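Heads up, the thing below is written out as structure tokens.
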Amino acid sequence: MLEIKNLNSGYAKVSVLRNVTFHVNQDETVAIIGPNGAGKSTLLKTISGLVRAQSGDITFENNNILGLSPDLVVRRGLAYVPEGGRIFPNMTVLDNLLMGAYSNPGILKSGILEEIFTLFPILKNRSEKFARTLSGGERQMLAIGRGLVSRPKLIMLDEPSLGVAPKLIDEIYEKIHALKRFGLTVLLVEQNTGYALELADRGYVIENGQIVMEGAATDLSTSEHIKKFYLGL
Amino acid sequence: MLKVADLTKKFGNLIAVNCASFEVNRGEIIGLIGPNGAGKTTLFNAISGLYKPEGGTITFKGMNITGWLPHKICKLGMSRTFQVTRAFTHMTVEDTVRVGAYNRYNEKNVQEKVDQVVKICDLTDIRKRVCSDLGLASLRKVELARALATEPEMLLLDEAGAGLNATELETFMNLIKKLNQENKITFCVVEHVMQMVMGLCQQIVVLDSGEIIASGTPNQISTNARVIEAYLGKRAVHVRD
Amino acid sequence: MIHTVSQGIITGILMGAIYALIALGLSIVFGIMNVTNFAHGDFVMLSMYLSYAVGSALAWDAVATPLITAPLLFIFGFITYYLLIDRTLRQMYVVQLAVTVGLQILLRSLALIVWQAQPRALQYSIIQGNIQIAGFEILTSRLISAIISLIFIAGLAYFLNKTWAGRAMRAASDDLDAASLMGVNYHKTYALTFAIGSSITALAGGLLMSFQQTDPVGGVRFGLLSWAVLALAGLGSLPGLIVAGIIVGVVESLTVSFFDPRSRLLGVYAIFILVLWLRPRGLFGRR
Amino acid sequence: MNFKKYFNQQNTFILIGLVIALVIPQAFKSSQYVMLLITTVLLYAILASAWNIIGGMAGQLDLAAAAYLGLGAFTTGTLLIQWNITPWVGMFLGGLIAMGLAILIGFPLFGFKVKELWYAISSSALVVVLQSLFMMWNEVGGPTEKYLPSGSSPWYSLRFNTYVPYYYIMVTILVVVILINRWIRYSKLGYSLLALGEDEDAVEVLGVNSQLSKLKALAIYAFICGVVGGLYACIYGYVHPAFFDTSMSMEITILGIVGGMGFIYGPAMAAIVMVSFREFLRASLGSQLAGLYLAVYAIILIVVALFQPRGIAPLFERGLKKIQTYFAELKRGHKADA
């Protein structure tokens, strides 16, 4: 469904990603794990068009999406929930969700909001509140909900456990698990290796901008390298 | 050397740091860890004078420096680096270091100090380059160098290891160790790269949601149940389906 | 004494509503795009001249001229955005300053070329005259202008809150990257914002021409006034903008009636500086 | 003394510049109009160079040059008119008064960390405010021009029939201002200013008192503007509140930016090129439509700012380097031939 080949990317003078190749199949949950600064976020930003790739190929459903601006990428059905959620703090929760339908307002008629409210009941209770008043966990749920409004085919989640109180991480991951039932393909980037591998079908390990390992999630979580450096076992 | 007692910093209703207390002894390298948003950087900003704390006291070298302006704290012997490198983009490496060196030197002997710091931090090759042309690893070194040029007795490093690759990290850690042993500089580092924290620090303080939840040696910390739950996250998920 | 004060306050409130309208144009451009348009005051000046041109050519009343000048300024804002502002967004802040200040000099010299240095005023206004209420004199033109301003501000608030374009503007203002992830093309949103900001000055210019004259350097005054209103209001609160506009209007009007007509900007400057010192986020601002 | 040591490229340029500066009045003496233009160009060059200290180096976008200039002019003018005190004294008093006001305003502004946009607006407003104040103050200002007496000795009252002496005084001041620029740039203050122009927090934790540094820069800048203001009054022979001119302030800021922020010679160079060009436009277009020359000029300023955002000074530097390498290669070529 999503295929990345020999991707090189980075910022002005710093090259962050080197020759990254991987793919995500339909209805799969894929986790990308790695230490802070390894280039995980840059990878997702490049796919979503926020960062311009230096070379390589990105195809989504057999269409080349490399070099498209973010607003065009999202219209193809590829939603990106950025690191930290990046909700609109000075808009209400409802307005935040509505923004998710910006590229296709007609979708609201399909009852998507109700579905999201069923998934995240807390958002319904707070729909008239300003998003800045939400807690870290609620913001993350809002961000995920906002990404879902456009009924994307693939959703990319960037560190959903970041800045969320530990007891809420469980809840967030439960929701992400529920996304699978939504018929969604999920690409997950996490530093919190334990959670990510528990949830994912397959995983990739990225270090210093390069993919150093890949395999089924169960295999990865039993690998010595992962145990030693990521799980601290 | 540095003593933080009951430090509290609020932003509106949000309590970023809540009654934090810890102590750093002379000559130590102390690590400050915790999840994102735990208040580590806020704590640093309060200690270095960029924020005025709402409560508590900060004592440095026996002086109460709570609410002092940053440049005065620096004069007293404490400097810092920033999480996101905040290089002086249009200045050369040498000029950047010079800004720090003027803290204790005047026009006559400032050049000596600059040369010395440039040499220690291994910046000789790039001393005439403009900061905006440099890569992350060099920028981190430049930032350390300019803080070092102020001749601090204590240095606060904010995520100095983030984004460095293994070799770069190794070089950087060796530099810090050397400065600690030879120049007798006390370090307090906020760090995410566990490799760096474990390899460098004698003491570790763990911060979560603005509160200090544990402190001790690296071994004590890595086996502390509360720390594991809040930060290290070893525990596997239990997804109910 | 009390009568003079009250009269001053009433005049000030009416002027204040128009100042709020002028500042609104600046506020949406600054608040949403984070662009500082130093030429904003000169946009007002240009609008007033255009209003004069339209009004005298068609023998229209000043209040009606925005029907023509507002679309003109809308197009002008659109072109200005793509020609100049869009190119400054990813550049250093000083470039934006240099470009908008250059634009200011350009607008001023254009006014000089077309209308020479003489002040111009429209003669006919159906809303001349005044009403007497409880012994206070209220100029009809100002009253109507104030009411139109308030209605327009309310309309814009509705636009920002309830339409897709308005929502996109607020989202872009909060977090540009996140907005583009929602499918917002920020160039288009910014162009629309800047064009709306410009056409607001056309409306304000028309209203102002119903009771005052214009000259090529008049822009400075409106520029300062709107920045003062903005500093006082802070960003992001439309009711705050109205209150701030009224405070500035009242202060100006009281300085004029008690001190000296030539000192009208002194009081405004004083509160402007005080606000910068004591409450940099403005009285009602959240940012 | 080693002659060769002083005969480097830079000093050669300076020498050539000085010779040209001395010769110019001899060449254009016959035309008062041209001399006035050249003096005006110099005035802008001085002000833009002074702006470089607060704007270019410290990054504070000050728009109040004309406020300090006007204060200097009124101080000098009033002292001469009312007490017959020579402008030589008046100029410096004017500079001091401008400096005093700058410190009075700058101290709290910098203390509260008002910067960028808001600093620019408040300084720009200062010009307007001083204008209306002097408009009201009839003893000193007022709506009509107050003429400076010619007095007995032109050198005492600084009132000449020709612009040549003004020219020489201006050149001297310009050289002094550029030297001050140089001296500041390579001193503790200069390095602190450049660094705080980029990141104020970062520079404070390096032990720099940013408020004090900015205040010093502002004071020096205001003083220079005030001194030149005194001369300005003498050249025009009157004082008027119109001296508090917002357009002029803005032009100086643009020249500083277009010249290249922080480059010592940049602003002066920009002023000489752009203001000469403006006056050329005025001479060739002015007769047809008032204001047309300004419109063309503004467009050119905008284009330069857009397409050369770091200013024209880096452009010159690059050109200079090319010439240098060209000559160096030429030399090498000669050696190879030999």
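Couple of notes before you dig in:
First chain written, first letter: the chains are A, B, C and D, and each begins at residue 1.
Here is the rule we use: a residue touches a chain if its C-beta (ideal position, glycine included) is under 8 Å from a C-beta of that chain, and two chains touch if they have at least 3 such contacts.
Keep in mind the model is a prediction, meaning the values are calculated, not measured.
Identification of common neighbours of chain A and chain D yields B, C. Looking at contact counts per chain pair, the maximum sits at C-D. Chain centres computed from CA atoms place A at the largest separation from chain D. For the pair chain A and chain B, the distance between C-alpha centroids works out to 31 Å. Each chain gets a centre from the mean of its Cα atoms; for chain B and chain D, those two points are 42 Å apart. Shared interface positions of chain C, defined as residues touching 2 or more other chains, are absent.
For chain D, no residue reaches two or more other chains under the stated contact definition. Interchain contacts close the chains into one ring where each touches exactly two others, per the touch definition above. By the document's touch criterion, interfaces exist between A-B, A-C, B-D, C-D.
The residues of chain B lying in touch with chain A in their complex are 35-37, 132-136, 162-166, 192-194, 209, 222, 229-230, 232-241. For chain B in complex with chain D, the residues that touch the partner chain are 48-50, 69-71, 73-75, 79-80, 82, 86, 88-91, 95-96, 98-100, 102-104, 106-107, 110, 146-147, 149-150. Looking at the complex, you find that chain C touches chain D at residues 36, 38, 84, 87-88, 91-95, 97-99, 101-106, 108-113, 116-117, 217, 220-221, 224, 227-228, 231, 260, 262-266, 269, 272-273, 276-278, 280. Of all the residues in chain D, the ones that touch chain B in their complex are 187-188, 191-192, 194-195, 198-199, 201-210, 262. Considering their complex, residues 48-50, 69-71, 74-75, 79-80, 82, 86-91, 95, 98-100, 102-105, 146, 150 of chain A touch chain C.
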